[in-house]
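Below you'll find the structures, each written out as structure tokens.
In the two assemblies presented below, chain A is common to both, partnered first by chain B and then by chain C.
Now for the complex of A and B:
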């Protein structure tokens, strides 16, 4: 069986059903057993004529990022698709409307922009839709059918997904859409064959767990549910909103509570309140909301209150680019609060990681009595991947609190008792005899205000030291190295969603004979100094690719370790192109362009 | 106000206080307020209310913001959260969301509540969170040594209004009544017996109860909200006042020259906790 690796891009105008077509396609191929990565790009406006693109990479083995070049590009709107003609590989297909509804001015039809080497597949999309369904609205399903027919995908799983998706709108709509798909399928099957891009016969692999399709935000929600999140407070903000929206449906079903607050300040405040009361509590936001939460995060730090904050980054500063991805809130996540901002910051690198980090965040928050920020970004929040959930059930500890000892008669409860590991057994309201006040003022072991130099030093040390244990947190990979072991020419050090692109680039470089490896850094605070230092010892050069302008992670690494790294900081408003990383790896390994060509 | 005819002896009074059991609700910390501050009466009132109602000390949480008044949680022996400036209400909402069984009392000053925290009051009232909000109004920022507040009178000289405060104060009772608070009352620290009765009623109310407490700042305000002035200005709500009549309550709240003490308005409607349970029932889930 040959490994399948096909990337399809569907491009249209808002309202063409572009994203819906991508949704059906990814669910159909996932149901057939393929692994999928999918990322949609859409405009910030709900209505209008903004550009929508849905890109899907379909593989037999899990891939780590989208490819720069698609194998198939579908145009539902030529004016938007023409600029993307170049992203189709040589011998790839460009699918477009062959009979436009009105005469096209010169240069406005897709056919004039198909590049030499690309294979044009023009067919009467609108006409087929009208014939099959009596209207032009199912154009997106006709092209889906065409793709399936052309590439040899079985129509059964598509028909099932279409039925499910349109079931609410009644059997007529289902039948109409299925007819549209079938018309496209027949046309695709009857068309001339596209060489070296086809789905071969494929046996669904036996899996150790349940494979489901999730977006990053949906995986966060699944992690929250499996970790038995009891209370959630939030305020809508792109691209984090879908976390709250999904939880609004899922939490009540489990007897839990969600409140949409008046702003992010109160969302964070209520999260701290619920955490103090002993419930698992979380909020979700993006950069601007994180800024409003900063003061309250400091209160969570000094009062040692467990709480979890999901932050999905978007382009900044300020309102920035709400529907474009970026990794520029690292500094805000690490340092954004008055005073020493001791806290845990973790950043998953793929959708499965979103699930694990979400669940583990609650464990860490309780065990180390601290706010935990889970740092996502738009690319990770909105992209879809197939995820394998362990058959043995959720891998999360549901109560990670340090046990509270019964008080001796006459003993006064010390909320901030100085202990060997820095974690003090925590009483919550309702625990008999343990009444205490938590405060944003520096305090003594009892929690009473105290601003002596000795006490401030002792408490600062406590809050700092207790977090170090998180670097050894059970069943959690703080860092992970991939690729060549031992001495390497180039080591890539990366965090967050960009790591997928780094891994793809590393594999491509290895295929070219470059000895290299990549390390993902999942825990950003406390900083895994030892692991990263050991990795850097092995590398002739260390490359740090990240999607922000100032090189925030590179600054962090250099600041902590005082060792040089090569920065690759870019703000392309989209994921970091794999070729860009590959180019840097080549350059650093001393491989010249001519050597590769030969 | 009735003037006591019998003399009060210290030892008798002390014994009475000790035997009442309300000192159990006092913490071992001495209040940090200036001698003569009206807030002492509020601590007394609250310990009295908790004692009267038999609230277990480990089942109550006092949540405060920042300011003189917000040191309050340290002076009672209950669970407490001394939060950030202006954020007592959302923290209290979170606590109550996590655990309905707790008695949650938010306390704070006029600056904390109506300046920096002003955005939260309307939402706590609208949601009818089952908490009590005691607002200590001394019309000045005391902890930062005497700056003007949103409830300072026109003409008050403070360190930030050396040429007299030109802005007219907010009308907090009108705001709360229009926000939909389900219990709105006013008391005066100079009338401790009435005050503690009002605090008890406010805590007993099921829903969001707002008690506005007029209280002199003896250190930084020698001219406006003094014991002498407030003693002369305050009056009781007329006996005929019907707490079910929102328009009558608003009518009374208009009189800022002669603030009326008592229960302005009370309404019974589902609390935030009730609505959570409704949502859970609608979703087909059951409470955990």
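Now for the complex of A and C:
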């Protein structure tokens, strides 16, 4: 069987239906059993003029990142697509409008930018849309049809997805969009195929679980629901907004609550309050919101209140680049509160990880009585992947709250009792006999203010030590090593969404004969010193790729372990290019370009 | 040698319409002679320049289009020759020196070379049957025809110009049955006397081609889809009778592709009329290849010159003159229809480098 590995990029202007086309395409191919990774890039403006790109990598085997070069590029707006013409590989296809509605100046038509190695496919997209649907709005469906026809994909799964997507708008809209798709499909099927992008023979694989298409944020929501999240407080901010939007639909269905607060300070305060009251509570934000939440995060730490904060990073600082991905809020997530504000910080590396981390975050928050930050980024939040959910049900243990023993008459309840594991019996307001005193002041075991050196030291130690157990949290891999075992030339240490690119680069390097490994670090606080140190022991050189300028994770590693690492810190406003990582692996392993060529 | 100065600011802009032998030969020489210029080839093909003379090989087994490319993609990158593919030229604005493309984009030029060649000619009577014919003029058409032809299938050739007869040789070699319905264009572009023609037809029969005298049957009046259980196409003769084939291919010679030049004020007869420097009546526009008729002092008429050598030489002459030279085209192409050692016909028009 020839393994399929095709990347399709659809580029247009906001309002062209670019992202919608990508959505239909990914759902259609996922329904056929293919694995999909998809990442949409869109402008900060809500509508009009901004560039939108939907990139999908469709494979028969699991892949871990988008490819640097697409096999097919579709232009719904030449002015936006022209700069991306070079992204298409040799013998790949460039599809564009052959009869634009208005004259274009010399050099402003896509056909003038197709490189000699690429195959141009101009066809009358607008005309076909108008003939089939009476209007040009279905141009995105026409190009989808063209892609399906050209690449030999069955139209049935597309028509089904289109029907589902437009069902709410009535049968006429469904029929119109299906007609647009069919017109494009006929044109694509009738085109002589000269490019070599192809879907190999493929049978939908049997799966042990439920295979669904989710974005990172949707997976977070699914994790929250499966972990029986009871209350959510939030304030919209890109790229975290869709978490709240989805939960606003899902939580009330289950009798749970969501409140949009006036700002992030209130959202965090309400989340801490809900946690204090015993409800499973969460909020979601991005970097600027996290900054506003810092004070209340400290309160959650000192009051040892379970709560979960989903932070989807974007380009910063300040408002920064709301629609560009970055990994530059690591320091803020680790340290962004006054005092020794210990907390758990975990970072999934793919969409399935978003689901697991979301559910596990509640486990950890309640087991260790602490705020837990789940650190996402725009690339992960907006990226779609096919995810297999276990048929056996959610893999979360939701009984982490320690049951309080019945108090003896006259016994005094110590909310912050100093215990062997640092975790105190937790009561919630209203538990009979457990008078519950909390304060943002340093306190004694009873929760009453106490600023003695001895008590501050004891409580600081308690808040620190109890988190160390999270490094051994059941059924949760805080780190995981891939690739060669034993001694390696190059070890890649990565976190968050960049790990996918690292894994792709590692596989490519191994294919070139380079002995290398990659370790994903999911738990960033507490720091998995032992595992990372052991990994570094095996590596001649350790490479740390991350999408921020300062090399925040590299600094963390060096700060904790005092061992050298090679930084690959870039802020490309996009995911880290696989080839960049591969180039560093080659360099560090001493492989020269001529050796690769030979 | 340096080109004459550009009429506009910036490098001189050469635009070539057509992506065949003449156009590409001209592009190569233009780059050599004017290194700083902009060179743009416009073509409605989706492929880079490929060798059409090799297309019969498709019938000997599947070959990717890559095998037919005359130059790799890097060739164009290295020489900074822009090839605008999948573009159809609809008109030329000689006053503003702009080529207009079908997608509403103007392409400015300082000097324009028209090298569009010709399309397979189809008699007016058969125009309605166009969709039922199998074609051979492009890679895509040839592959489509190949796919329609079963092993040891039957090919009916109408007319039988030298392009078709070249293909016929290959078809016979792969055990296909070839039926040729003769026409006045049989052996085009060779001009044969009645005696020579009879001799050549006999040679075709000796090669294994089955001949049907088209004129004796009043010519072909239509081509139809074959009935179920019969070959895919039916050829109907004006004076009665029919014959069947799996594919039916018209080979009635070429019609110059000059529609987009109509209305430009440039002299056109059947092709673009040029003097021996290949310049048209517009001093900024040149023509080369099968699209142009060149003034012949000997014949006192404009005439076409066919064949790879001629077309290539025309591309070179045009490029030289577009860059300030003063070369005259003179044919070096042998035009006599010959015989090989087995007595089969052998045409100099089949030869390419």
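Brief remarks follow.
Here is the rule we go by: the second predicted complex is superposed on the first by the 594 of 598 C-alpha atoms of A that agree within 3 Å, B and C clash if a C-alpha of one lies under 4 Å from a C-alpha of the other, contacts with A are read in each partner's own complex, and residues count from 1 in each chain.
Just so we're on the same page, a contact is a pair of C-beta atoms (placed from the backbone, for glycine too) under 8 Å apart; a residue touches a chain by one contact, two chains touch by 3 or more.
What you see is a predicted model; the values in this text were computed from it and never measured.
Once both complexes are superposed on chain A, the partners chain B and chain C fit side by side without clashing. After overlaying the two complexes on the shared chain, residue contacts for A:259 are found with chain B alone; chain C is out of touch. Judged by the touch definition given at the top, the superposed model places A:194 against chain C, while chain B stays out of reach. After overlaying the two complexes on the shared chain, residue contacts for A:299 are found with chain B alone; chain C is out of touch. Counted by residues of chain A touched, the larger count belongs to B, out of chain B and chain C.
In the overlay built on the shared chain, the residue A:494 is in contact with neither chain B nor chain C. After superposing the two complexes on chain A, the angle subtended at the C-alpha centre of chain A by the centres of chain B and chain C comes to 140 degrees, rounded to the nearest 10.
Of the two partner chains, chain B is the only one that A:441 touches; chain C does not reach it. Look at A:521: by the touch rule set out above, it reaches neither chain B nor chain C. Shared-chain residue A:278: touches chain B; no touch with chain C.
Fitting both structures onto chain A leaves chain B and chain C with a minimum C-alpha separation of 51 Å.
Overlap of the chain B and chain C interfaces on chain A: none, as no residue is touched by both. The touching residues of chain C, counted against chain A in their complex, run 46-48, 65, 73-77, 82-87, 101-108, 140, 143-144.
Residues 29, 57-63, 66, 73-74, 77-84, 87, 89-99, 101-102, 119-120, 122-123, 272, 276, 279-280, 282-288 of chain B are the ones touching chain A in the complex. Partner chain C is touched in their complex by these residues of chain A: 90, 97-100, 102-106, 108-109, 111-112, 114-117, 119-122, 192, 194. Per the touch definition, chain A reaches chain B in the complex via residues 230-231, 233, 249, 252-257, 259, 261-263, 265-267, 269-279, 281, 295-296, 299, 303, 429-441, 448-449.
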